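Below you'll find the structures, each written out as structure tokens.
Same chain, two partners: subunit A is paired with subunit B first, then with subunit C.
This part shows the complex of A and B:
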């Protein structure tokens, strides 16, 4: 076996046979693959995943999914669209369809998704969509470990606009592996806002890939929240393919137990006058592991690029690990690019300041953690979503306090 | 127009590599290629003890198992090296000289051309020079004075005979034979290098220095340097390199090991201006170097300063292992690449002890069609309480055909440790250039001035003798890159 590939995994012939489709002939990335050096897939490959059943009985949406007032709701259970759980009154300027999954090859995980995804949830945006579209992906393995491959395609036509919220959750039961792929095309002058929350079951695996293309004068704003799962990764690749395109990519993670969360971003500046900014913040507790890898690539032609990137992580206890790799790859000279990264713990002076004002240590820590993550959360431009995501972090802190330390 | 032509001609002249000449000295050469016999030959030539040969062979056998593991992760592109097409041993004919008078006059002349007249340098600069010419150290100066103080400064081949216990104890203790592809190769075939031992409590009164020079055509140079600073001592070591012009690529895979015990401090400075190849990327040195220092003792300090302007390809990561509590590692680097040069360089700071601190200042300048990458690792171990790291990487791009990349790795396992990383990329602003030109400077003077300002923080850390040379080099390296 080459250390760059994991060739023994459960997604081969037998997996395909039980679905009645052609098998995926690829391999999972191994520990020697640079992009996966901090997120090993050894344990994932050892579990005997079978295709997740599409007709699982799910009556209610799990409580961990935030309620967003006035939003249209599209629900996927084990990757398949569930009309019975959805409220597909999307309003004007947007159409829902269930397309075929494009068999385009990309990374091995995209190819794995393409091989086994049931159908693509496709949204075609033609105008200014008023309602927030809330996509909920539920993983439900009942008695045996199961894998699901949700696929979402969003196409925003010229000058259209839409706001999406994506919640990835799971039902208690056996472990599951969610392998979602989202393809997003932002047309000329269009604007897409996408807020993703990953709050999977403690035992679950979640390896998401987002492929985003932004045309000239287009705007893409995204926020990626990571709150749990045994091993989760949110990989976002954005290509700026027109002039004056703008991307704002932000996120936060809060981890405890033995959770592993990986944020990997690649921003490809291909043409002049584009801007990109990234703010990622994370807190780690217990024995958890936070990873941030961010690459900014500025092509020869991408003069006048303005690209910024920031990652800060905070330790809440002794035991967690943080790995960080912010990367600049620059081939144009007239550019402004900067990145920053820092790790540390809560400043005892700050704690003292609050304690001196009669605030108990636990509350003081929570305040400081919330304040720390707020720098990233405040980048969310939609007020309602900002409140909902802020509340989810507040809830995480409450649960943390409730646990015996 | 005439003026333009004149300038162009002048630039061409300067651009011709100043130190590109081959000294015609007969060499004692081993046959081409690499196998166990060659290693035995090298070992025998040097009259080495049995354990040394065993160690070399162990490294060589291990190296054979690495054949598909030549590092590929660096942002470097070069044709695959045929390790069988090189000579692994070449020594100037005459050995064992009693005094400088016996040094081949041609050799002395070579140094003169390089601007380092050995004799004058001793007198004027107070620098003891251990000059490595190809693979055998031919002249070691100021030895006596240093010897009286208990300083050991000699070729490593000599130290093997005179101080075998010291060499045996420390050789390979920082960079083990199994460390990486190039270091393993070096273990097997290294020919010579410097050995330094500073006794307890001594502040070495002079800068120790070595000039490396690759001379014999087709000879890979495999230096091995080992510096040990005993408790409470201090030493500053200088390394400077120039190489003659040549068309074939030459491999240079050196290993440098530093060991600092309690309260000791080692300052290691390098100015590297080996032949970078011509404007089309033909020729030039492949510089694949493993440099690592271990801060073994508490409060020890290792400081690396490098000015890298030469070589076609640079693969080099001078590192610090901060084992002792409150030990300090520092890395200051200026890397300049022009024409078709490629550099992938940076550092590793491994924090293991409590209260360890590290600082990384890296300035990368890329011009022409060059590629310049900073790659660095800061790792904080679980026991490194209150460790502190500060990293700053700035890149400057000159022209729109070059590339500048920053790849830092930060791995933290301790909550009380603080790490900070900042990086920026920019170009020389038109305002700055205009300001200088308006005051009567030429474009090249202006660039040299601005770039020197950009690197000032690093150049300041160099010892006096080097600082002047380095400033000139910065200017020379970038000539012809603007306009």
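This part shows the complex of A and C:
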């Protein structure tokens, strides 16, 4: 895929030049790139982002970051590791390092990340890690719009296991653009659980790419929660590179105002006897826009593949829009693949049933929305994280802007 | 003052008049049965009292303890003490029975100026009530009515009723789809709630339910009107002779 250029972007070309990297403006996928058709970057391209300062004075973790009891905490501010804010007592079976960012590879956004990321937060997992590892990425643009490029690398060796939580948040101030890239390698028989929450500032942009490779008998379970940001995208590409590998990729989003949230998944079944399942659910209100694109590719050799995908969205008003694009590309002949997509509104019969039990319309709607998203949230196999993410959704419902009547 | 008073109630659905002047008075402590063939307005009556949208009251009044019921929204009516046990309880995926019961109970407590129920007290209460109805306690962890059998759904309705302790309970064909064992349990639940300050309106197509629910008055509804009222003997007569003569009279 060749990105078309947005040539009008005013980002500091001189700065790019000084770093010896391609000018930023060439890195944004344009509207003609099929994978970006539903997520136009016009508004992002209008803003003159400067590279985010590394040494900003941040001395507390924003309150929007959930507290996970007993978890180790690794904090990035504007993509740079902050030892002073972290609690890097990780326990056994895992090591933290700050590696070099791999040279350009993959998409243009990854190349952009590679050009600007200060360092890669690298976790090397060799055993069964007991503690939850909580990575917190904070965007802080103080005086001018800023771009940050967090980079995370997770390598889980054979038969190791780890549970990660990632919180992406921002501080009030100028607008920022976060362009995180996570590279995750799940070794043979290893198990990685990764729960990502994107709750950026209302004005912020967030275009995340996750590249996941799962070896034979490996398990990757992920959940992607989208709660805030002007324009956010969580793109997850998973390659199942060994037999009997499994991926469970789930997520939920709740949007209001003019928020735009895009979930794009690509699952690549390369070898036989692998499974993939996806459950994504979203609620949209105001004038928001939700996007789900899910591609499942089953190679000729990937016999006995079992791949499932579901996306459902609930409209809380008539203003929002949803684009949903499931794609199945199957080259093997002995496979089970299923996909489903549905959108709807709250059922008035459900509302009446709750009203007939004395529950007021607002509370009833919140209960039904939480219930709608619960199908996806319940896919989170870690009980503590499930509760934390459920609570975050509850909080979103409480803070939701009053809808125009 | 009557606990529930329905005065000359007329109601239409999609422009078609279904209720054509219904007048009923339920005194505290009484159980009234409403019987009648299908399509005579029994369910319309229960929906109009509970406040479902899509039913237009064209004439008449309904009072609960002197309060104007028709002026209230559905949820206000419920908090004021009207309970409708649904003929077809809806399945609500994702919402656990437990979360639902707690929300409903707290809505009522708030309306009464009481604090929200303590989590432990709530569990104790549910345990006691489910046991009394012969229901497994675990059912409250399941999504509301999802995958419940017909009998389980009706029991869940009675469970809600025993927890919310309404002033007036309307049972809309609660007997439909129940086998005899479930019917007995549901009836016992209703009988156990009988009290001097509560009234019941039991809507049914069959006499069967009335063998188990102790009732005081029977009304026959035909073509949107009450065409006969009496005591227990009326139900038995209907069982023996059917509705034919009332239908002829109402036509």
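Basically, the second predicted complex is superposed on the first by the 380 of 405 C-alpha atoms of A that agree within 3 Å, B and C clash if a C-alpha of one lies under 4 Å from a C-alpha of the other, contacts with A are read in each partner's own complex, and residues count from 1 in each chain.
One rule holds for everything that comes next: contacts are C-beta pairs under 8 Å (C-beta built on N, C-alpha and C of every residue); 3 or more make two chains touch, one makes a residue touch a chain.
Note that the coordinates shown come from a computational prediction; the quantities given were computed from them, not determined experimentally.
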Quick one: classify A:368 as touching subunit B (first), subunit C (second), both or neither. second
Dominant contact partner of subunit A by residue count, subunit C or subunit B: B
Quick check for you: in the superposed arrangement, does A:386 touch first (subunit B), second (subunit C), both or neither? neither
Classify the contacts of A:355 with the two partner chains as first (subunit B alone), second (subunit C alone), both, or neither. second
If you stack the two complexes on chain A, which partner ends up touching A:330: first (subunit B), second (subunit C), both, or neither? first
The answer for subunit C against subunit A in the complex is residues 50-53, 73-75, 78-79, 83-84, 86, 89-90, 92-95, 99-100, 103-104, 107-108, 111, 143, 160, 164
Touching subunit B in the complex: which residues of subunit A? 34, 300, 303, 313, 315-318, 320-345
Okay, in this complex, where on subunit B does subunit A touch? 73, 380, 382, 395, 397-427
What residues on subunit A touch subunit C, complex-wise? 347-350, 352-361, 363-364, 367-368, 370-375
